[in-house]
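Both complexes below contain subunit A, partnered by subunit B and then by subunit C.
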Partner chain A sequence: MAETPVAVSGGWAPLAAGLLGTLAVAAALFDGALAGRAAGARSRMGRPVGEVARLLRQRRRTTVAADRLLWRIGGAGLLGMALMIVTVVPLGRWTLFDLAVGVVWVNALDVLAWAFVWLTGWGANSAYAMVGGYRFLAHGLAYELPLMFALVAPAVAASSLRVGEVAAAQQGLWFVVWMPVAFVVYCLGVVAMAVWGPFSPAVGRDVAGGVTAELSGVDRLLFLAGRYALLAAGAAFAVPMFLGGGSGPLLPAWAWVLVKATALLAGLVWLRRRMPALRPDLFMEVGWLVLLPAVLLQDLLVAVIVIGG
Partner chain B sequence: MGVSGALARLALRHAHLLVIEVPGNWLTRVTVERLAAVRGWRLAVSPADADILAVCGSPGPELAPVVARLWEQLPGPRARIDVTRPDLAAAALDQAEAALRDTPRQRRDSIARDGRGPDDAPDGDTALAHGSEDRDGLEMDVLHVRLGPVLPDWPAGLVLRAHLHGDLIAEAQAAVVDAGHGPAGGVQVGGEPSGEVRPADAAELAAQRCDNAARLLALVGWRDMTQQARVVRDRLLAGERSAAITELARLRRRVRRSWLLHWSLRRVGPLPPDELARLGLAPELTGDVWDRLNGMLDRAALAAGGPAAVAVGTPVGVAAGVPVTPPAAVASVVSGWDLATARLIVASLDIAALGVVTDG
Partner chain C sequence: MLTHLVFWGLAVVAVLTGIAVFVVNSMARASYSLALSFIAVGLQVLLLQQLYVGVLVILMMVMEMTVMAVYMNMFMGMNPAMVSMNMVHGARHALPVSVGVFLLLAAGALFAPWPSRRGSPPADVTAALGTELMGPKMLTMAVVGVVMAATIVSGVVLAAHRTRYDRLGDDLRRPRAADPQPGGVGR
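The block that comes next holds the complex of A and B.
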């Protein structure tokens, strides 16, 4: 069971994209159902389907003096980013891209969210969108460093930056068990990257939708899909990093990866409606004064255990 | 009908509507929101997000051009409805649905709009921001932004002309649209500048507090509780009193117990009693946004508790009417705060109606 995954041909990439898409759609359906339940209405599982139909039917629009190129790049970027992240996530015995620095690859990609979300806010040439963009940067300043150090912990424990080897190093004990702080901080980072739930002030109602204020039609659809896909990709990447990869009884390894990713994703979606948003100025304090020291201590502890053991 | 027909049918189940409340048409707006929710429709946050523009009440000469400009910003397929009375809401929504379903008509509308892009809009020439010193004495660009009259979860008719340093409101002037044109119809409006407005009954008083609480909860981004507050509001207006009271109690409990919300709202926009008196605001608004949110829910519970408690005025401070909020006070309390916090503070003022006297 402990062997590291083998890279498969690029021809399988559409399958990986399809799996990511399926996870994202499942997340949207689940969110729709939760929204329906809160509204006391009949099941609203169909809500994402209706939303997609609505946005496909809607016209694209632009604003006065919009920076159209950067605006469109930002809007479509999140989806591309999510697809690039899953290329290094092993599905049981297979991976698309067995990169020696896979963990760094994901880390480099997650920083791209800064550019994409901010550009979406900038490009529209609208005050509310711009404020939304800056709110995301403020959140980013608070979550990004803790997120980076959270990814350091599993890499140190496995003595490898190869995602497959990190997963294989958890045969005895999942990393989430002895590095819970890193896991929680990582999950916060994923939620923040997807501009989700507590990290949604960048798309807040108080600024008329923030970075999404001027998006319509297929542009809005791409941005929304990008957020769901990022959430799904983040949940999928947590599986080899913290949740023991494909290990588990009865089911084959690939199935366990999907089961674990789905379960974590469901948790993240559920969280959205249960919590008020974290104001960027307040979260800045938490990020630097609580999360960063906590995750550094976690790294220290992991390093000591690895050297001692 | 083929693909486009099927797409239209699916899309219509989830239409988004941008609701504009003309001051004094609270009940109409709430009815439109309730009926839209029953259909599975959602409230839009901006014109770009909307399929339907629902104007509640008859806009006066100042608001009408704003509505026209917003209408131009709806991407389309689009429908505009004007709802002047609560009992006309259901028919108006049917009419909007029919307009959106009519693909040939939407196509004609779309073709007619081609070539009239936003570049030809009246506001086409954009001035560059000029500089000024911010609160730390640094040179900052100043942006003049008009907040309102149409923003999600924003008091009807309020316009704040804000001077922004980044997203910090350096100073603001407040006004109410069509202030000089009298009530545009409806049950209550700030007819007496310094007096009180009198809701039809205690249930309506409670429902309005719940509606204001829902707005504040929506601004803090707590979706489940927002929904809950709206459900209580609608139950109160529908006369389902006992169900409303039970659910309101649950809502209050959950809000009070949320340490995250408490941590996020405490110390935001503190207003001491003497400051309130100076600004002409009601004394029960003492404290920070957290205190005011809980106060709002307490007042709702008290008013919902029974008609007697309200009619005679209780020791806890629920009077028969609700005070009119002077717009100048709103401008004063948001100055020096960032946009997000300012929105929370405005929502926490539990505004029933704005005085027609404008900021001098």
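The block that comes next holds the complex of A and C.
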């Protein structure tokens, strides 16, 4: 069994934040390139850069009787969530926060998405934003429990809630190989909490942007950056949970973590234009009648293998 | 020393945000003040080294308050929850009673003759707490959990407006259930 990571001083936190930011920016650029290709243009990779510049200069839109406090908390919250998630993701031999219950920590943080996205929809005091907020919660009611049980599988297999130990437990065989259902459901959960791709009806064009309908300027920038950062953090957390952590030939462990996270992140970004939007009302049954039983069977299988083997 | 300061700071935050629940004038603010109060308590539990319990308190309470905000906004008649509203009912009696209960419980906690520590805390305080709470009663607890889940399900079934006869016909032979809300798996 490989050594478990050691906690480094909090002074390295800016580096972790920088890495997360780099991944998020890369995701945005990649999405821009894909958008350009879909529209037939040669490349629109620079578009996210232009959009950032535009939003930084844009004046804030105000709405009547907005609940400003909750609105701002919601809009900025996603980014904070993503930063808190990566604190427990080991980068090869190092981790910022070697929490004994790291898996539950991430679980508690991903639930915060419910609060933040809904609050962003609520705060603007706008009907479309509110509809978007409720769409997200409808998705949430369907994806959250399968996501929780998907996180149970690696923890049971490693007999530990410490993220480093979960990563170390898959030296022989990556968890993604023998718990694919949990991995797929986990990825679906990450995509959902980033309000991304199939889970984008909450920010859908048919409701004038939904949750983001009234967001402008820096607030909009923070919310969009938060979505990319959440995708990146979710992909990074999948590495120790399912993709064998830092194990791999030639490269050092930290480089493998980054390579795997980047690859998964690119896949999730790419998924956006490859999957239809999931209607919240229809997805409810998919979540409870298909995903939840499937992931529970996966947990049972993992538990039986762990006890028997 | 620092731990003590943080603990007391969190205690003050928990009480103040708890009071805010009744002072603010919107359902969303009330729900999330309560969530914040519970988060402060969860962080206090973390300071007691009960990591699992502390993180779980935060997880459950944030989720619970979000669901509460949803249901309160959805089901309150005429949707007054969308506009500002008073968060207290019958304040003349409720206020003295709740302040009295708070003072009573706080006095109990402060003036109880707590035993002084013997020995040192175990390595895994969460496991120790679990064994202490449920050790000999694990079977009872497991059964109670199942009974509670069954109670919730049967409560929902009994309260449901539409029965299986509405969905599948009087002889239950309708091949597709007639639901006003279409399902996502082709039923």
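We adopt the following convention: the second predicted complex is superposed on the first by the 308 of 309 C-alpha atoms of A that agree within 3 Å, B and C clash if a C-alpha of one lies under 4 Å from a C-alpha of the other, contacts with A are read in each partner's own complex, and residues count from 1 in each chain.
Basically, a residue touches a chain if its C-beta (ideal position, glycine included) is under 8 Å from a C-beta of that chain, and two chains touch if they have at least 3 such contacts.
Computed from a prediction, not measured in an experiment: that's the story for all the values here.
J.: Touching A:282 in the superposition: subunit B (first), subunit C (second), both, neither?
T.: both
J.: Considering only touches as defined above, state whether A:134 meets subunit B (first), subunit C (second), both or neither.
T.: The answer is both, since A:134 touches subunit B and subunit C.
J.: Output check: A:208 vs subunit B and subunit C. Expected answer is one of first, second, both, neither. What do you get?
T.: Once the two structures are laid over each other on A, A:208 reaches subunit B alone.
J.: Based on the superposed arrangement, let me know which partner A:100 touches: subunit B (first), subunit C (second), both, or neither?
T.: It touches subunit C, and subunit B stays clear.
J.: Does the superposition put A:57 against subunit B (first), subunit C (second), both, or neither?
T.: first
J.: Can A:49 be said to touch subunit B (first), subunit C (second), both, or neither?
T.: In the superposed model, A:49 contacts subunit B only, not subunit C.
J.: Subunit A residues in contact: does subunit B have more, or subunit C?
T.: B
J.: Looking at A:108, would you say it contacts subunit B, subunit C, both, or neither? Reply first, second, both or neither.
T.: So A:108 only meets subunit C here.
J.: In the overlaid three-chain picture, which partner chain does A:296 touch, first (subunit B) or second (subunit C), both, or neither?
T.: It touches nothing on subunit B or subunit C.
J.: Pick out the shared contact residues on subunit A: the ones touching subunit B in one complex and subunit C in the other.
T.: Correct list for subunit A: 134, 279, 281-282.
J.: Can you list the residues on subunit A that touch subunit B in the complex?
T.: 35, 38-41, 44, 46-47, 49-51, 53-54, 56-65, 125, 127-128, 131, 134-135, 197-198, 200-201, 204-209, 212-217, 220, 272-282
J.: Sort out for me which residues of subunit A touch subunit C in the complex.
T.: Contacts found on subunit A: 67, 69-70, 99-101, 104-105, 107-108, 111-112, 114-115, 118-119, 122, 134, 137, 140, 144, 161, 279, 281-286, 289-290.
J.: Tell me, which parts of subunit B touch subunit A in their complex?
T.: 4, 7-8, 10-11, 13-16, 37-38, 40, 45-46, 48-49, 51, 73, 75-77, 110, 117-119, 121, 123-124, 126, 143, 145, 151-153, 164, 166-167, 217-225, 227-228, 231, 258, 260-261, 263-264, 338-341, 343-344
J.: Within their complex, state which residues of subunit C touch subunit A.
T.: Against subunit A, subunit C makes touches at 26, 28-29, 32, 35, 51-52, 55-56, 58-59, 62-63, 65-66, 69-70, 181-185, 187.
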